[in-house]
Structures are given as C-alpha cells and as structure tokens.
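The letters A, B, C and D name the chains in turn, as written, and every chain counts its residues from 1.
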C-alpha cells in the first residue's frame, strides 16, 4: 500500500457526490473534500472560518453579507472560480428543477420564494459585484447564514461541468476541493486523488483515498484487523464493540469522541393519549436511560434535553425529568390512565435500535403502558411519523438528528417547530408552540457574532420550554467510536470531527 | 433367401461335458425374515456344459427368473435373497465374489436378457448408446469400433434401419424391437454363458426363428452356453439339449430333451406338454354367422415424426399404421398377427384412444371421435386393453387386488365388499392364489403380472378387449387355462377380442377371424380356417412356416435368414406408402394383391 | 391333467398381510421415525405448554441478565441457555418462540406444499390451456419478488404472524409447483398411467390416486427442507416489519437479531439454529420413513 | 420447436408485463411519498408539490404506468429518487457481478449437491448416508450470514487462502459462491438422494449392472439423467431463491451485485430501483424457467414440448 493513500470502507452505496443533492452522512464529508463553500470549519472543531471567501462583511441589520473571494482558486478542470460561479451554485440549489433536499437551508436569501415558486429564474438577493465579490441579501436576519455557507448545499460548482454532465453531475463531480474524483466503479469503489492545486496550504495531507463500498461493518473490522483497511467508515459494529475494547492493542486504535447527536422518543402531541402533558411527563419519568446506555455497551451518555452537551445553548444544570417510576405512575393516574393504555412504538430495524425500543417498551410496561413495537425499514418509519395521523411514539435512533451544522437552531426548525408539524414533516411529535417559534426566530435574528453567547442562552430557554411541554423523551447522546489503522496519524480530533464523519479527510494523515 | 447349413449335432445327444462352465448347487432363494421367511427357489442344482443349451421351462412363478438373477448376482434389494447353495462359474465361486469381481463377470462372461424389455431399457438413453457402452465396458475398442460392433449386433437381430434405430429411444420402438435390442446388447460381447429370460416371447415367429437361429449360430461359433428360460415348448423342442422343468421353486424333472418330450415322467411335465397348443389342430371356430360388428375401423393411420436436424424438426415419419380397415364382430375374436414392428400395438393404442390417429373408428356403436367426457368414459368401459408389457402398465404402488378392483371402482360398480369378492373370483379364474391380492406388482413373476392385467381387463366385462401379446408370457399350462377362460367369458357375456399375438398356434386356436399385418397394412384377412388352411399371401405363408414345432424329433434343420434390405415403415416426409388393395378370394377371405 | 385344474400350485404358504394398516406399523417399526416423532411431539408440547415449562417470562429483561458492560450472559445455572442482548432468558424465549415458528414451519409451509402440489400436478397432467395458464401464472409468481409482496402487504395490512404465514404460503408454493409439474409431466408418460386412462379413470382419479402417490418423496423433501427455510424467511420478513414484532420471539428472529454477535455470544445463534435443525431433521426422519412405508418396494428394509 | 420457442417468448413478455404491472401497483399503494423523500427535511409543501408535478406523481395510476412502460421500451428504467442516477446504469454496473456469482453458486451447489445426494443414495441407510443428510439439513438451516462470516473467518482471515471480501479475481469469487451454493447444495443433495433412490430401483439400472458397467458409469450415465429431472426444475427456481440469499452474501463479501442495490432500495423505498431490480430479476427467472423447460425434453425424450 502506498504510504500516503488510505482505504476506507462503507456498507451503503455512495448515492451521489453532487453537493446540491447528497444528504447522506457517508457522502456528506466526501463532498466536503471535493467541493468547498464560502465558509469552512477549523479542522476537528465546530469553529467557522472563511473558506473560498477570503473575507466577509455583514451589514449592521444582519441582512447583507458581502463575500470577497480568494484569488487563484481553480476548479479541478483548471478554470478559475469566480463570483459568477457562486451565484450559479446558489441558484442551482434553489432551482426546483434541481430537486435539492437542502434548498430550504438557503430559504433566507431574498428571492428564494420567487425562484422556488417558479416566478423567477434568478435569486434577486445574490449579486455579483465584481468577479471577486458577491453580495447576498437576506429577506430576514439569519444568524445561521454563515453556517449555511459552510454547508454542502451552498458549495460552489462550475456551470460548464454541471451542464456537461447534466443529471449525472453527481457521478462526475468537479469542484475546487482538496481531492478530485478519479475513479468511480458503481457499487464497488471510489478513488479520490489529491488536488495539487488546492488553495489551502498544507492540505490535503493524503495523496489519495480509496473508498470501498458494500462492505459489511463486521467484515470491514476484520479487514482493519488484518491491516487492509485504514478506517471502517461505519465504525465499530455493536456486535464487535466489546471484543475490540477488550483487546488493548485494538482499543488503542479506537478514537472516542462526542457527536452532535441526541436520541429521543417522540410522542404525538396531537392525538390521545399523548395530547395530555401529564402522560408525556409520565413517560419522561418512566424511561430508565442508564439501562438503555448499558444495553448499547455504554456508548452514550444519558440525555435530559434536546441539545447535545457540546452544542451552544445546552443548559448545563438542567434537571429534566428524573427516572421515577412511582411518580410516573402517579402522573398517569392523574391523567386518568390508572390502568395504563395501549400504544405503538415505531423504530427503525437496524441493530441496536429494536433492542433499545424493547428496553423502552419494558420501561413503559412498568407504568402500565403497553406499547407494541413496529420495527420497520427506516423510510417507512419516517413515512409513518410524517403522515397526517402520525405515529404515537417513535424512537428516533438510526434516523436521529445529527446536526447539519453545529448550531442550536438546527435542532429546532423542522423537528420541533410548527413548520415541521405539517403533513409529511419531520416534526413527529407534531409539536407546535407558536410562541416558541417566535422566540426561536428572534434568537436567529441575533446575527452579530458578538451576541453569540446571548443567542445561545436564548436558544437554551427555547429548549427548556420545549422540555416543559415534553413532546420528546431525550434518551441519550451517542458517543462516537471510530477506529483507524496503526499507520494513520493526525490529531484524534480529526477522527471525531463534529462536521466530518467519519473523519476530516483533508487533514488526516498517515504516519 | 439362403438357408443355413444344417447343424451337424445330433438331436438329443448330449455333448460330452466334463467341465461345466456354470454349476449351480442347492440354490435356495428366500424372501422375508424370521417366521415370515419363505423359500421361492429351493435346492436347485444344475450344470451347464460349454456350448450346451439348457432350457428352464415350467410354471409361471416357479422361480425361473429369480434363479437367473441369482446367478447374475442381481437379485433386487430389498427382496429375495440367496439363502443357501453355491454358484460356480468355471470353477470360481460367484457367491463370495466381491462386487468388483462380479462386475467383470457380468456382461462379459455371463450376459442376461431380461424378461420385460420396456422397463429394462433406460428410457433416456438412445438404443445405440446402451449397446455401445456394454461393449466399451469390456473391450478395449475405440468409440467408432464400438459403434460398428453395436450396429452389427442390431443388424444381427434384424432390426430394420438399424443405423437410424441407434439414435432412437426405447419408447419409439415396438415391444419386439426392444426385446431385440436387449438381445443385441447381450450378444454383442459374445459371453461364455448367456441367460435368456423369455427372449422370444415378444417376438413374432419369423423374428423368433431368426433370433433362435442367431443364438444357435453364436453358440456354434463361440461355444457359448445358453440358459434359455421359456415356457414355449416349441422353442424348447427346437433349441434345448437339456431341460429342467420347474414348479413351485423346485426342479420337478431334469434331463435330455428328447426323452422328456418322448416320455415325461412327472405328471406335471406330462400336463405341460399336453397343454401345448399345436398348429393345425385348432380349427378355429366354425365361422359363425356374421354379427353386427362391435368395432369398426376405417382407414386408420398413425404416424410418428422422427426428430432430427438442428432444431429437432421432424425429418421423416414412421408410418406405424398406414391405413387399415377392419371390423371386430361382436362376441368373436379377431387376431392381429404380423412381424414385430408392423404396427399391431399402435393399432391397439389408437383404438384405445392413446395415440392420435387419422381415420375413423367406432366401438360399440359410438364413434371414437369428438366424445364428451361421460361418453368417453362409457366407451372406455366397453373397451379394455391389456398392454404388451404388464409390469409397466401396473401402478407399482398398488396391491394386485386393488389394481384389479380399480376399473370397478372407477365405474362405480358394486360395493367394496362385492368388488373384493369379484376380484377374488377373478384371481382364481386366472390362476392366482388369493393371497396374491395383497402383494405388489414387483413381487410377482412376469407371467403372474400378465395375469393380473388380464384379470383387470375382465373385471368390467367389456364388449371388447384388446389383448396385446397377453398370453405370450404365460407358461403353457396357465396359458391354456387363460385361453379357456377368455373363451368361456366370450360365450357367457359375448365379449369380443382383438387379439394381438405372434403365437400362430394360439391364434389359430382361438380366433374367429385373423388379419395379417405387414408394414402397417393388412395383407390378408379371413376366418382362421381360411387364413391358416389356405394362406394366400406369401408373407402369411412365411409366418406359418416359421412356427416352431414342439417336438424335438421334428427339429428343423436350420432357420431361414433373410437377406437384403429389411423393410421399414420409415419414410421421408410427405411420402406416404401406397395403400394396398384387398381382393376377395371367396367368402370374405381378403388378400392384398402383390 | 389334475395338476392344471386348481389354482396355481404353490410351494409356499400364503404370505402375511403387508400394507394398509401396515403403513403405521411399518412407520412405528422404524426407530429413527419414532425418534423423529418424539422430537416433534416434544417441540409441539413445549410450545403449547410454554407457560408451564418456561423458567422465566420470555420478555422480561433481567437486571442481572446482562454484564455490567451490557453483554449477554453465557449459559449458566440460572439461565440455562444464557441470556440475550437485553438480558432475557434465552430458553424461555425459545420455548415461547416455538409457537410462532411452528405456525410458520408447519402451517404456512404445509399450505405452500398443498397448493404447490395441486397446481403442479394439475398443470403437469392437463397440458394444453389449463397447464399453460397455470404454469405461466406460477412463473409470474416466481418472478415476483417475495420481499416486495411482504413489504407491501405489511404496509397495507396490519402486520401479524398470520400475514407472514400467508406471504410464505403465497411465495413458497411456487417452487413446489415447479418441481411437481416437471415430475408429473414425466410420470404422465408412464404406461401405467396410460393403462389407467384406458380403464376410463377420470383425470382427478388418475391425479390423486396414481400420480400423487408417486410424488410423495419429492413432496416430503420439499416439506421437510421447507421447514428450515420458511422459519428463516419469517425472520427476514419480521425484520422488514411484516411479522412477529419484538419483543415476541420466533426462532428465526432470535437468530436474525443476534447473528452479528455469533462470535461474541455464540449461544444466541447456536441454540435457535439447533432448534430449527432438530425440528427439520425430525420431520425429515418421519418423512423418509413415511415415504418408505408408503412405498411397497421398500418392504423389508429395516 | 421454433414455434414453441416463439410462443414461450411471447408468454414471457406477458409475464413480465404482469410482473411490472403488479409491482407498479403495489409500489403505488405504498404510503411512502417519493416527492417528500426527494425534497428533504427542510422542504415546504409547495416544494414537495412542485417535485411531485415534475415527476408526474400527481397523474392517475394508469397514466404513470403507461409512461413507465413507454420509457421502458426505450430502455429507460427511470432515475433513482435518492441516488439520482439512471437506474439502468446502476443495474448494469452491478448485474454482471451478480450473474457471475449466481453462475458460480449454481455450479457449486450442483457439484456439491449432486455428488452428496448421489453418494447418500448409493450408501442408503448407512452411516455416511445419515451423515450426509444431516449435513444437508445443517446447510439449509444455517443462517447464511453466519456461514459467510465463518467461511471468511476461517479461510480468509485465519488461513489467508482467499481475500477478505471484494470483487475482481477468481479467488474473490470462491467464498461467496460457496456460501451461496452451500445452502442450495443441501437442497440438491436432499432432492437428488430421493429421486436417485427411486431410480436406482428401476429395472434399467439392473440391466446396466448386468452389462458389467462400473458403478460410477451406472450412476452418472444411467441413473443421473433419470434422477435429475426434478433437479433441473429446481435450477430454474434457484434463480428466484438466490435473489434473497444474494443480499446477505453480497454484503458479507462486499460483492458489488444487485442484491445490495435492491436491499438498500427496499430500506429506503427507492421505488425506481425496486422496480428496475424486480424487472431484471423477473427476466432472469423467466429465462431460467424457460431454459429448464427446454432442457427437460433433451434429457427425457418422452416429454415433448408443446
């Protein structure tokens, strides 16, 4: 094996490398290494830094962002990137014909609705001032906008290549990124090669990455142990976790870190019996989170609020609902369910989710709630949760919210806000608190970077009130355990990079 | 036509046999275990000298086939086992020989021709392959040489179009042809000992004569010893040096052929000889006044496509039946005779509705075409068929009793109890023990199975019974009784028979009318007296001449061997054979103008 | 001439009766068959009386059923066959799971067998239009992915064990039909079937009395092998949300949910696997013996 | 023969039409909303509606089906909702691997299964017969995932004889083919033993023995062709059965076949892929059965095509 190329495995197919479309966690960070956005993160952290933009200015009202582009940035096809490309790329994502699942992230740009609605072919809010300057005007102040600029959906693509490949651009990606795609054998492997012209000094550190697709995680691990694979992209399978951790040599290769993740149970607040706050609170008290964490071999920490601890806005000494079966029973009785009731718990059918669901089921049974488990393919659970009648309870594991970008707002909008509660939305609890929506909007309007702390606490307030209404039972925050072969080097933080899973391809290196 | 030079061996004298090739001592074959054990063959002993012909004659079910299977080491498993005795081949004990050793003996030194040719040939292999492989197994020859030898063997048994037959499968051959294939297979290797179990039963007399001649010829040139199992006393008289008469698993009489025929000691042997039907002594029955025909066949023709070429397209056709018309008078017997492969079985099957045909036929007043389901069922009740190969036509999973009761059950006749009684009566009449009702087909001898089939056909008392070689597998004693039974039933219930047989003596005895078939057409037909008394067509005459006479003293000097092209019913597509026209030479005696 | 008059002389006494009532006798006469029957009886009884024989509640997640790190426990004095990933008693789950698995392995599989045999026999015997239509329908069913059918049914109907049974029956008969069809075609050319035709037997009589008995060995093979495969198929379907849903157990889904753990906790795969194997083998023993007992040419074989 | 073939091919087309219609209808009934899947979490109802119109999902069922068929005739299987690639590309990239694996697996199970079955039939009732039959049941009852991993562990990891998964060379093929084949081998063995036992009792086997043929010649030439008829029918069926086995085996061995594609599509309810894979496998199955029907009369000349 070449000293500076590594092999990474994944079980699932890489769907597409089109930044406007790719929305799987596997391709998300691949796209990040082939394309760039105006903004970027410090490696291994959640700290924003300029990317293709050399610098930016924000108007005092927080509505106009002016980006100065870097000099000498070239696409993989050799052409220099210009401000026109930025405008084209944003409009491409918003254009309904692109069918981008992330178009909504750009919703605060002026002219978004017109373009989505088909009445405009351009985004009125995006102006090319000169080949090196872009001005973006928002229709409302949006504190998350810079994070959005670091999100794949706003990455810059060259128009001529997109037009050349048409719908298959996702298979022939051409960007400005640290790596370029040299080979993609469908269903088998992808090979990325170092982009020698990459605009950032010292990156990438690897000469190439080979992704092998379609590998069962258990087998990937065998191959890691055999020295054939450097990083098992799907991590350490639950079945092997104890074995790996029990072997000192292998345990040394494991990197542990936190994830911007919360596993929670939703309860349908619009239908009996969960339309009763007491019932929801009772459920919150009934769940033995410690036990659940034990079942997944301690690979998580119990949670008591929607935000994970490392997210700004996390309320440090929030009490939440304590595990208390008797209190839960009492509450249930007060709600008129002395004898409990029957309900359903939906869960995705990938290990360990059904097991967790069964643990939840047993906890519910202890207070008299008989929940029958519907263990279904992920897509079906999502469909059930989004349907008009909704699902009484859903365990979010396997489909849970991993933040698109590290910002507290990211845990609210679609999954707890009123917009998401509509038919087909992702707010499975169908929780809609107009007042809270207003508070959330106000917090997001605090664009000034200086007010970051204030904004965080404003969000903290929002989530505290969410917990008072108890539409969810936050169960745990999953920890990330990945493995790397002995020849892999670089800071551990790069392997648990909060925005790059399973690792930050651009900065990891071989020893 | 040429004649073979007369055999120089004197009839009835025994060739000096100091060292027997095969020696069987106290052979006991039994079946069952413990208290249930019973012997099927008991303490049988005989010697076979080189070049000698030993005939084993005797009652059906007396253990003849089992004995020969035991010699080959091929008794079925599970089933009867050799429980005692010894079998030596040229001094070597076969009983203790390991399987590998036996393998080298089989086929090469002892070959066997089995009784039932249909089931004894592999249905999925071509005839040619089945013969060549026997040669290849024992001779170090190339594939081409093996093929050549096989072809010669087939020609030796006078199969028409041997070359083409090599590529055919057993089901495409007539019963007699299959039998000849079996014989060719056994003869191809010229073994030291040939065991032939009823080898000529399915053959018409002309072929029979040729095959017997062939056996003799091989015996003369190779010194092969022959064990011939047959119930045909004519064949015995013709062929045997020595005879063993078996009954109930024991040899009842044993000795040179002439003395036994001349002065049988045992009652059974005497009875056996007395029962032999002889040519010329049955005058048929007086031609009764022509009755309404029970079956009318008009221009019946059956063709089989012969596949070949790339996509298995038909390249030629077998005109198995090439346009025949005849009538079976009610309550009378019409016999169909003719050489093997001339289309007798096919005619029978067409009448029974088993093969597609052209032409018209009507049975018992019903036309055979365009029938509704109940009409067809009614028709089938009136017409019963006894197949040429009894084993193949009996469902192996049913008890004999149930098989015979089957037609009654189908047509809803009688209660279960009544049926059982009737079956018992039928069994008695065809000469089977009552306990046979509870046994399965594979537990019977060939002749016994034949009788089961006969009993089954009789069960319904149909208007017409088509009997395809139905008494040929029976020993003469049983044959006689069965023929009597058939006649009684005919008198009693007016059953008509379409009787297919090559046994001219039997045919002469039981027929009212006779039709002689040749290459799918009728060449002569008339009353038995007319055809046998005054055969007009040369082919008819040849058939009659070929009949062996059950008297060793009148052994023929030799057998005629045909030369020249063997006639064949295979013709190119779209080239049907020309129809023969029949001329009345008086009193309904029709003869084809040649 | 006296010798020729009576029925055939015989040197042997009439043989004892052999069949009919003999089938059962012959079946019971085989040690292996009895052994097989015993296993089947054991499985069925323990399924029926699971509440009485099971040491624990099959769904109770015992606190001491998991190690501190959350690993399942190997077989021990308390948990005879060990515990599963949730700390439940495996033995109790196997006993209760037998109920579901028997429904699948015997009822669903049996139904598939019956349908498949009927279709195959009918199509193979009545060539012509009926046969063609039936066989093409079979081809259609075969070409149609079972999983898809299952998923769609699950989405449209309420998932339950009986839906799985239905799906399995709907899917599995096809294979049986195919094989039976080809054997019937070959059987139909046999002379004894033709003989039956000339006797005037109705087609149904020929099919049921003469063709079917000759198919027993094939059908038995399919029936017995089908037990394992359907029980495992049920697990796949449950996984997709069609059948037995957690926490209810079936042998198949115990294997399925634990198969990745087969190195870490081999008992979780071994015991349910052994249970399936034992059931299938037991049926095989009985099936084999039954087939032999039904086959007269087998008489005398030990 | 040519007529027969033409008729069967015509029927095959009808069957495929039927399969496509039924599949299409079932998928239509599924509650999953493709437009919503495509639109993602942040989409508004209007966006979703827009996508629905673009995809023509708001049309009546028959119109949608007719359009699908129309495209199908031009070789267009549509585009995956989630991968956005042409389904035809996705399938054709993976089909060769699956076909290769199936072929190897069929050979494997035939070789293993037939010889096991024959051996058992010959040694009927003896210890080796029982051992073989228990083995065949073990292979049928064993979960393929576990079998695959065990083989991988022993032969690839421990012994290093084969690579740990992957695709490309013959040695990559061995273990997956074996895993897939082992299960079928159990079936074939069982099937073969039973029909062999029947055949070995036939008179023509006795005739073959009487010719002094070798045991194996008798088995291979006389018994096998007669015994193999039900087995041939099974080969046609196998292709259908493989479709489920292949999912597991392909993922264990990282074999880039359509099984994995199908499984992922089912999990994600990616309808165009499900539809495409269904059709492709239906073609394979229909052809497999046709082949079985064509081969049967070659082996048993008594059976005629009609």
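One rule holds in what follows: a residue touches a chain if its C-beta (ideal position, glycine included) is under 8 Å from a C-beta of that chain, and two chains touch if they have at least 3 such contacts.
The structure displayed is predicted, hence computed values, not measured ones.
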Which chain pair is joined by more contacting C-beta pairs, C-D or A-C?
C-D
Where the centres are mean C-alpha positions, what is the separation of subunit B from subunit C, in Å?
46
Inter-centroid spacing, subunit D versus subunit C (mean Cα positions, whole Å)
22
Taking each chain's centre as the mean of its CA atoms, how far is subunit A from subunit D in angstrom?
38
Identify all positions of subunit B at which a residue touches two or more other chains, and write them in rising order.
76, 171
In subunit D, what residues contact two or more other chains?
31, 149, 153, 201, 266, 300, 302
Where in subunit A do residues touch two or more of the other chains?
218, 377, 380
Every touching pair of chains is listed here as A-C, A-D, B-C, B-D, C-D
Under the stated contact criterion, what part of subunit C meets subunit A in this complex?
59-61, 63, 66, 68-71, 85-86, 151, 154-155, 159, 238-241, 245-247, 257, 260-261, 263-264
Across the complex, what residues on subunit D touch subunit A?
31-33, 36-48, 50-51, 54, 79-80, 82-86, 89-90, 93-94, 97, 149, 152-153, 156-157, 164-167, 250-257, 260-261, 264, 266-269
Show which residues of subunit A lie in contact with subunit C when the two form their complex.
218, 237-240, 242-243, 291, 294-298, 349, 351-352, 354-355, 357-359, 361-362, 372-377, 380
What does subunit B use to touch subunit D in their complex?
72, 74, 76, 99, 103-108, 111-112, 114, 116, 119-125, 130, 133-134, 137-138, 169, 171, 182, 185, 311-313, 391
Quick one: which bits of subunit C touch subunit D in the complex? Just the residue numbers, please.
127, 132, 136, 139-140, 142-149, 151-152, 155-156, 174-175, 178-179, 181-183, 185-186, 189, 217-218, 220-221, 224-225, 228-229, 232-233, 236, 240, 255-256, 259-260, 262-263, 269, 273, 276-277, 280-281, 284, 291, 297, 301-302
